[in-house]
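Please go over the structures that come below.
Common to both upcoming complexes is chain A, partnered first by chain B, then by chain C.
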Partner chain A sequence: MRRAGVVALNTFREAVRDRVLYNLVFFALLMIAASVAVGQISIGIEQTVIVSLGLSAISVIGLLISIFLGVALVSKEMDKRTLYTLLAKPVRRSEFLLGKFAGLVLTLAVNTAAMAMGLLLAMLYVKHSLERSDTVVLVAVYFILLKLALIVALALLFSCFTTPLLAILFTVGLYSAGLYVQELRNLPIEVMSPPMSAFTKWLSYLLPNFENFNVMAMAAHGRVVPGALILQNTLYAVVYCTIVLTAAAAVFSRRNLK
Partner chain B sequence: MKSEKSIAWLLLLVVPLGFAGIWRLQHGIDAQRASISEERDEVLLRSPKLVKAMSLEYAPLLADIYWTRVVQYYGNKHLRGQANLDLLWPLLDITTALDPNLVIAYRFGAMFLSPAAPGGAGRPDLAVQLIQRGIQANPEYWRLYEDLGFVYYFDLKDYQKASAAFLEGSKKPNALVWMKIMAAKVAAEGESFETSLFLWKDIYDTSADPSVKKNALMHLQLLTVKEDCKQLDALADEYAKRHGKRPSRMSDLVQAGLVRGIPRDPLGFPYVFGEGGKAELNLDSPLLEKQLMFDRFKNVVP
Partner chain C sequence: MPDPAIEIENLTKEYPFGFLHLKKRTSLEGLSMQVEMGDVFGFIGPNGAGKSTTIKLLMGLIFPTAGSARILGKPISDVEMHGDIGYLPEQPYFYDYLTAAEVLDYFARFHDLTAADRKDRVDRMLRKVGLETARKIQLRKYSKGMLQRVGLAQAILHDPKVVILDEPMSGLDPVGRREVRDIILELKKDGKTVMFSTHILSDAETLCDRVGVIVGGKLRGVGAPGTLVDMKTLGMEILFELTGTANVPLLSKATRTGDCYRLQVPEEELYAAIEQLRGAGAHILSVSQVKATLEEFFMNLVEADRAQGAAVEVSGQ
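Let's look at the complex of A and B:
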């Protein structure tokens, strides 16, 4: 575990050196512009617009980082031949993967936390004060982070057995499908044949349900997210990441690196 | 090699256990989401023109997707017995703007929009608007006139406009002869059991969709029940004239020779006389639940 921690810390350092956190400047500019503009162009929905825009930006920026860096975690090490040096040391392949995953999640956590701070500052500017109900925004940010961790795990899995381009396509595809899992489950049973209905139901549980983590509308309207949902979503992300990372470790341990 | 094997074993253990856990967690999350009863925004963009502009050359494909969303939205609300169908019109508006020739969207859309809850959104005015838009885009399609007449007849009770719609439709190519007969009959008689029965029977016979057929069958059965009860009440009045008191059981009518056997509803359950001496459905009849549901939503079945 200590060895995975070292890999994680180095992955984080590498991301910082690669200027990944520069996106924070973009986010800050967006928030400043939105805070100033929203008062001019809307009436009564300033907070809704700021929260929706801020959370969407956190989600999109996080998605881009998690997909592109997640896929590059393994392939970049292979391209630069640094993987061989690393694996020559007493580091198991599974530990390497776990470290890479943890490193990127740490990067995303720092990035997301900084953006959340920016969002709260923008809200403070617009509302002139923060209320207790505004903590729901932090819950929404936490859910985004859980979602991003799951995406990193998926990107890592795909990058273990295919090319970076295909891994990106697979991850984006699975993410898009995962957004419509609820729709799949809500398809009216009456309009489908029983086998099709059973198939869609099973599929809806196998696919990662990214809609679980979407509480943006609730956050925008200051509605409370139940504690049980926070716990369940956390467990969901942990269990799903465990499955995907175990599969990734199984694939990567068998991969011929010559 | 040893590490590889242990990971493979771990995978065999983690995948089934993990997905069993996911299954259970997802049920919990669904329950939580349902308890906070968030209204999911089904229509992000409400401007049909904007959606059409954004759809580039894929408008017909997008129309199909929107139409699927209409069916899902209506189906989900219907299954949960929810009467609020506020987003139905915006969805239909966008669907038909994207593909004005998607005739099914006008026909079924009007069927979803027009009847009062629980059968629909209770907006016959919007149903008329939708069908008229359909007629404008598909002027030769006579079935749309039938649907227009249907809405005027059943939901708006405007028999002159219903008759005019049937008459206009009868002039279109391939229109069936009964359209002209219906136009004359509705103009002369207004609402009648025979006309209502004929219209619902036509829906039942011509629709290929099982849920539409089921709905039409239910209306046919309730219509028959209403007519049966009306006739049984008339017979009960006749019985009262002869015997000086109203019948308390259906067998009284049989013994008086007014009916041959115990009258039964379309599902085979015998009718009974209620506390007010009026004929009504047996408590065991599944149709009673349907009838009560419609009465609850104040939708008088014609």
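Let's look at the complex of A and C:
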């Protein structure tokens, strides 16, 4: 665990020294600022516009970072052969993976927090004060972060057994599929053939379910997110990430480096 | 008799290739050998012989198709024993966003060291490999030779019992090579076991207690360097200065550059040749041994191999 922590902190340090990341966060803040201008045109619904646009910006930038950096976490260390010296230290491959994952999630947490701060400032600028109900925005940001952690885990898993480009495609594919899991579950499986219905059912449980992580509409209208949903999403993310990372470790532990 | 530092048994590595990975190329075939505690062991062979493959197998970076190996009595799959091993990869590369001091500190954190001990060791290592003035520079600005030095520093940072170096001299200038030699000898003096690979015969000869010769994935012999037959000297080279022309028959065999001559003679004729040259008023600049080049050495091995249809026995004692 301590050794995974060492890897995590170095992964975070790498991100801190990466200019691309600052540009992305800056871009998100720019979008939030722009939404203030748009919100002022649409009188009466400023809050809705700013929160929706702001959360979308945070989510999109977060997705970009988690998919691209998530895939690069391991593949870059293999390509550049920085892994050779590291794995010659007393560190297990699973510890390395866990550290890489934790480091990027930490990076995402800091970035997302910075962008959320920008969003709150924008809201403060428009409304001149923040109310208690505005904490729903923070919950929405927290859910985005959980979603991003899931995506990082998936990107990491794919990068352990395929090329970076394919890993990116798989991650994007799975993310897109995960947006429609609820529809899949709502399909009338009674009318399908038994193998088809079994397949659909399994698939709907296997795919990451991102539906519950999207509370943008609630946040935009200042509605309260139930505590049970917060707990449920947290648990879901923890369990899903654990399973995916375990699979990644199993694959990676058998992999021959170049 | 203590346990050997490194024991390799029938280690084999095949790489699949071609369509659907159906074909296999054997990079290492049934390697069995031992490196004794406290020895400096040279692993020599031409490019593509399987040296790096063997070392990567030992470090658990790749996995054997067959066979096994133990280091300090522990199976190579045991990552914990890496605390007692130092490893320098071939053409090492490090996180280029870190400085030399940062990368060494990072690696030191995987060993159980206090913060003060860590700092002290990093400073000492940087001094040892001659990088203390460059310690605050990001590694992206480092030359190949400097990276090689960082690699060496991280390999010995934690005071390991066994040090495995893959081509430690490559990418270094003569001064650097000299320093690496000194470091290896120092490790030996401290009772460490060193195994290093090289394709440069003279490096192995001057440093090693024992060498193993590998060609085409097969071990061709193990023994003290002097006992490997084809490594004997081819003769002596005399470098001398001679102004004007003198009537010395030997001169016709020498190659001339200005007033400088280079002459190669068999070892037993050395003194006669020197006397002749002295008599003619030549000024002797240097006398050195001429060794078979590695190519010749290995070509002999490969040819003999073909002729006999079997592995050549080059082992010494």
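Some observations on this one:
Just so we're on the same page, the second predicted complex is superposed on the first by the 231 of 258 C-alpha atoms of A that agree within 3 Å, B and C clash if a C-alpha of one lies under 4 Å from a C-alpha of the other, contacts with A are read in each partner's own complex, and residues count from 1 in each chain.
By our rule, a residue touches a chain if its C-beta (ideal position, glycine included) is under 8 Å from a C-beta of that chain, and two chains touch if they have at least 3 such contacts.
Just so you know, these numbers come straight off a predicted model, no measurement behind them.
When both complexes are superposed on chain A, chain B and chain C sit side by side without a clash. In the superposition on chain A, A:His128 makes contact with neither chain B nor chain C.
In the superposed model, A:Leu257 lies in contact with chain C only, and not with chain B. In the superposition on chain A, A:Val91 makes contact with chain C only, while chain B stays out of contact range. In the superposition on chain A, A:Thr82 makes contact with chain C only, while chain B stays out of contact range. Contact comparison for chain A: of chain B and chain C, B touches the greater number of residues. In the superposition on chain A, A:Arg19 makes contact with neither chain B nor chain C.
Rounded to the nearest 10, the angle at the Cα centre of chain A between chain B and chain C in the chain-A superposition is 140°. Note on the superposed arrangement: chain B and chain C approach each other to a least C-alpha distance of 5 Å. Residues common to the contacts of chain A with chain B and with chain C across the two structures: 92, 254.
Residues 3-4, 7-8, 10-11, 14-15, 18-19, 21-23, 25-26, 28-30, 32-33, 35-36, 38, 41, 71-72, 75-76, 79, 210-211 of chain B are the ones touching chain A in the complex.
Residue ranges on chain A touching chain B, taken from their complex, read 92-94, 183, 185-191, 205-206, 209, 212, 217-218, 223, 225-226, 228-229, 232-233, 235-236, 239-240, 242-243, 246-247, 249-250, 253-254. Residue ranges of chain C in contact with chain A, taken from their complex: 56, 59-63, 79-83, 85-87, 89, 91-95, 97-98, 106-107, 109-111, 151, 154. Touching chain C in their complex are the following residues of chain A: 3, 6, 10, 13-14, 17-18, 80-92, 254, 256-257.
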